[in-house]
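Letters are used for the chains, namely A, B, C, D, E and F, taken in the order the chains are written, and counting of residues starts over at 1 for each.
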Amino acid sequence: MTQQACKLVIVTEKLLLKKIAKIIDEAGATGYTVVDAGGKGSRNVRSSGQPTISDTYSNLKFEVLTPNRDMAVKISDEVAAQFFDDYSGIAYLCDVMEVLHAHKF
Amino acid sequence: MNFWSDFLTLFLDKLQSPTLGFLIGGMVVAAVNSRLAIPDAIYKFIVFMLLIKVGLSGGIAIRNANLAEMLLPAVFAMVVGILIVFIGRYTLANMPKVKVVDAIATAGLFGAVSGSTLAAGLTILETEGIQYEPWAAALYPFMDIPALVTAIVLASIYTSKQRDKYFSKEESLSKQRVTAGGYTSEQGGNAGGYSSNQGITASGYPKRQPERVKIWPIVKESLQGSALSALLLGLALGILTRPESVYESFFDPLFRGLLSILMLVMGMEATARIGELRKVGQWYAIYAAVGPLLHGFIAFGFGMIAHFTTGFSLGGVVILAVIASSSSDISGPPTLRAGIPSANPSAYIGSSTAVGTPVALAIGIPLFIGLAQVLMGS
Amino acid sequence: MTQQACKLVIVTEKLLLKKIAKIIDEAGATGYTVVDAGGKGSRNVRSSGQPTISDTYSNLKFEVLTPNRDMAVKISDEVAAQFFDDYSGIAYLCDVMEVLHAHKF
Amino acid sequence: MTQQACKLVIVTEKLLLKKIAKIIDEAGATGYTVVDAGGKGSRNVRSSGQPTISDTYSNLKFEVLTPNRDMAVKISDEVAAQFFDDYSGIAYLCDVMEVLHAHKF
Amino acid sequence: MNFWSDFLTLFLDKLQSPTLGFLIGGMVVAAVNSRLAIPDAIYKFIVFMLLIKVGLSGGIAIRNANLAEMLLPAVFAMVVGILIVFIGRYTLANMPKVKVVDAIATAGLFGAVSGSTLAAGLTILETEGIQYEPWAAALYPFMDIPALVTAIVLASIYTSKQRDKYFSKEESLSKQRVTAGGYTSEQGGNAGGYSSNQGITASGYPKRQPERVKIWPIVKESLQGSALSALLLGLALGILTRPESVYESFFDPLFRGLLSILMLVMGMEATARIGELRKVGQWYAIYAAVGPLLHGFIAFGFGMIAHFTTGFSLGGVVILAVIASSSSDISGPPTLRAGIPSANPSAYIGSSTAVGTPVALAIGIPLFIGLAQVLMGS
Amino acid sequence: MNFWSDFLTLFLDKLQSPTLGFLIGGMVVAAVNSRLAIPDAIYKFIVFMLLIKVGLSGGIAIRNANLAEMLLPAVFAMVVGILIVFIGRYTLANMPKVKVVDAIATAGLFGAVSGSTLAAGLTILETEGIQYEPWAAALYPFMDIPALVTAIVLASIYTSKQRDKYFSKEESLSKQRVTAGGYTSEQGGNAGGYSSNQGITASGYPKRQPERVKIWPIVKESLQGSALSALLLGLALGILTRPESVYESFFDPLFRGLLSILMLVMGMEATARIGELRKVGQWYAIYAAVGPLLHGFIAFGFGMIAHFTTGFSLGGVVILAVIASSSSDISGPPTLRAGIPSANPSAYIGSSTAVGTPVALAIGIPLFIGLAQVLMGS
């Protein structure tokens, strides 16, 4: 038995890690995956005072599998409302053909 | 005119110290686009080593010190930290094309303290053989935290006033987009130049309620920063345990070398940030060049009051001036990013790193030490 | 000439890197891409004894482009059978519109 | 209001970072996201002289959201033409259901 | 009652050493949620530096040593390592709500050895001026490897017995899901609380065949771990080359300082892991608090036998006790994760890092040294 | 036959130095698949520390040196660097199954200089008490840059000739795919074995125009590399500031220890790269084993000319030979990857790291020092 799903992708500033993780949890998602990312967008504003020399990436990319579009939009709206006025960020939705294996979904 | 010639000689002499050499070396290295880089892990570890060493030596010495003496200088440190933010609020923030929140954040960073500048100051004081109170480095948090708190509170008051204006205006203009928030709502101040005109959003953003600023979370946030934590940890260990053996075999001998490498990083940073500063306009550059010296002199003045009233040493006066002229590079920026999220980090980090810190290191420190030496001689 | 493909994504614990890479190779995939990832799922069990302080991520995310769904399911089943009893992990399948350029596909 | 988009993914060698970023910029994309990646492909040629011992990944994965397929193909063709003769790399296109929030798109 | 009062004085004295100061400092720093962090690269490098130094100094000294003396202590180290695992198997594993595989893995980690605890023990021995055999640090692998091997073998025997039971039950219950594996098949032991009820899978998982445990791969895995590799590399270089110049100019002088930073990390870790330990239940906490001291005393006893029969020094006895009371923090966990995959890492890492190591460091080391000093005095 | 027996004794003696011990230790550690690893950040920092130290000590000493003396050795360094590339172009590149661009890149790497090999050579020279000119280490860039430039220019000339042939052939074969480029167009030289036959591409690749090679960008690229930047920064700071205090308290005492750890990394690298070298064929192995000694002897010869004509010291001659026999490990490979993109990095990095550097370190350095000592004695 496999299941269809949506994948919500959020790219934003590193210092929001904990706050966004909390929003995802509270929305009822079964989990999330996060990777360090760099990038360029429209704001292109630095997020921290860390040295740029030999700097590692200062963005994060969250990927959240959700069972339906609604949960994804709910998370994304909450994140955007709280943070996207002041912080860099983008959120988009991808199709997942099927979730093949998961401990809980 | 003996004073000026003495002072000039001393000042020029200090410019040749290895500390400054590494700073300028770093600037040049970055300017010629060298791929030389000090790994992030090393940078963070060096900062830790320097601040825990400063803390340890303070802590060890404090055991026998009379802490009552510290009262007046600590109060002065607080006063200076708060004063610096207000100065910025009523000068930089009123300049044309300068956004008020950006200016307040910048002033907060200049009021706060840089651990590396402090370390450099202590090293040069020791090289010159100038005495200072063992607890003088512990003045750091007394200036750092009040400055950051003041900046965040001022920004918050300003933003909520703006918001009130904005919302009352908006009520009449029904159906206006609510996405904008504090940033884009400022007329004529959109220095960053980005508007969310083309932005897309799945559903409208809800209105945010203005919140009252709480002081304690800001203080906690500051104390939890890596720089202040390391300093305070060192102080505590110095006072409570007997770390002399490790201090003498490890932390002390490595201090100067690690500092020289940190100076290299600061130099590279300064060059790398120049571009960001350029984007936000010349008023920041002017503020960042004049601020450190002005702030240092104000603190020097307060220090001299303590010198004459309670016998605060001239070395201590220099330290007070150095921490005033320094601007925070490690703990401050993240605290401000969280506390004044609508301020543009390029403005305050660019000002501090590209101009403020080099000025404090290369001109401020030799200046204040030279001044103290002339005063000692007289 | 471009070609359609499936993208299999597997997020699991870091110490399985070599073993999963071997399974992918043996299934006949032309390659894979792997990134360091953090995340939260249902098990939320630590995979290693490394310090959590200043820890880097302890998950990996594999992405494998496969020419068809079957190869992806084969890899995913093999990985799940061998590891997902004892280790954290999730596997899902995405659509790739087209592979635009590849040295070998 | 949300918007459909394409996601172009390019995995290639790290030392091409700046050059590819420039191509993306010039093609008129509103931004890009980049993460460190490792991987195996057909060429499997090392890209740098850095130690392999405790090496971090030596590939990069670019993800670019573009409003249409044409811009993505344009970027990808330019990258492939300039670099894929001599450097490892793969480029593929995914569907993005919708861009939920972006400062500029 | 001279013995007890002497002992108490010595014990309290040791509690003020900088090594412990940094450990406790680290605990406090993490407890107040400071953002102070020692980068991972630095942590790994410090571990390397400490263990290669311990190896080098051993290797240099061993050149002139009579290695025949090492035989009995080495055998005792092996015996103690294996014994510790069996103790855990028949105490902790029988407690309610404790899963057997988790308990065996925990016991394996406590039987194995911590390089950082060993380094701390050696430093304090040297501070106290207590002599020990140059090869004593080389007892490390003789206890570490047998403990890990025993744990993995015991767990494997247990798991395959369970599996047999399970599969014979299952044959009668046709069509039951096969996904479960060793973990969920245990009745009443599902401490982690996760079941794969809601899990989805594209196709059924095939049955896994029980395999015989092979010893050599486990030994190899242990020897290849970074901690043991560094120690053995140091030993080999100490014996085969003339590294005195580098040793004296580099590895030795940095030792204490690096150790103090490692203690800070251990302290921070301990606090960070407390939460995990809490999840797995109080029996682990009790085992982790009592185990190190019990194991240390057992080893001390064996050491005293060697002391009286072959003249093993009292310093050597302390080292034997310290490595017994320590629990592995670097090499052990990954070896166990691979060797007993069905065990919950939170259980064993939590027990070891949050309680076991602090107890061994803060109580074990001063205790055993104090004991040795009292015995020397008498 | 006194010469040979003297030489042999001296040579064997050097083989026991800790520097070599760590190198061989690293090889063994990697060969037994140990998980011991020196974090990347540490590795990069060590390289920085060694080269800035070499630069600083040179710079401090140069202040009083007569730089006119440097002219002849610097010219010889350039000549040797260029010569080495041509030797590779007309030997290795003509071997069967060896691709010409790969061979040229390999020769370029062997002509270029390794900072770590230079550091090891300086250390052993100092251990042996052999004098050398303070500016001798500054010969590094004079050999390094010309070698890399020559290699890139030669490769570029070769590739554009091939391209011309290819395109003129192609014009007659209309509709042939253009994807191929320099790499696949070479008949019989496709050592890597990959063709783009199965490759897919959204649209045809446009034809690339042959470009003229520009020298200055290659020189700049070399100077911007982290190794050369650190060396030159050190030199500049040594000459222009007074870094003696930091040098003596930090950079100098740590030098030997850090070098020993770097040797460990080089050893691990050598083993790790052996596999890559095997893929590209045995001619690379032979070149990499013979090359360093041959290049070293050539440089030794040139050095002796300078010795007899301008009094260049024998220590200086050894340094010239050591940098000639070394092959670049840090700055060279990225420069070549960018400058000769069609060359297979496995070929040149494998040759240099797996064989060239160990040969230069373990045989070259003792050989040239032994030779110098025999010549001094005579």
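The definition used in the following text is that a contact is a pair of C-beta atoms (placed from the backbone, for glycine too) under 8 Å apart; a residue touches a chain by one contact, two chains touch by 3 or more.
Quantities reported herein were computed from a predicted structural model and do not represent experimental measurements.
Look at the contact of chain E with chain F and you find different residues on each copy: under half of the numbers used there are shared. Relative orientation of chain B and chain F, expressed as the C-alpha superposition rotation angle, is 120° to the nearest 5.
For chain C, the chain with the farthest CA centroid is B. At the far end from chain D, in terms of centres built from Cα atoms, lies E.
Averaged C-alpha coordinates put the centre of chain C at 38 Å from the centre of chain F. Chain B and chain C have CA centres that are 45 Å apart. Centre-to-centre separation between chain C and chain D, using Cα means, comes to 19 Å.
The residues of chain F that reach two or more other chains are 37-42, 194, 201-202, 254, listed in rising order. Multi-chain contact residues, meaning those touching two or more other chains, occur in chain C at positions 35-36, 42-43, 73, 76-77, 80, 84, 94-95, 98-105. The part of chain E that touches chain B in the complex is made up of residues 16-18, 20-22, 25, 28-29, 32-42, 127, 253-254, 256-258, 260, 264. In the complex of the two chains, the chain D residues touching chain F come out as 15, 42-43, 45-56, 73, 76-77, 80-81, 84-87. Against chain A, in their complex, chain C makes its touches with residues 6, 8, 11, 35-43, 57, 59, 61, 69, 72-73, 76-77, 79-80, 84, 88-95.
Here chain A touches chain C in the complex through residues 5, 7, 21, 25, 30-36, 65, 94-105, going by the rule given at the top.
Within the complex formed with chain C, the chain E residues making contact are 30, 37-40, 43, 179-183, 192, 194, 201-203, 205-206, 208, 265, 268-269, 272-273, 276, 328-330, 332-334, 337-338, 341-342, 344-346, 349, 353.
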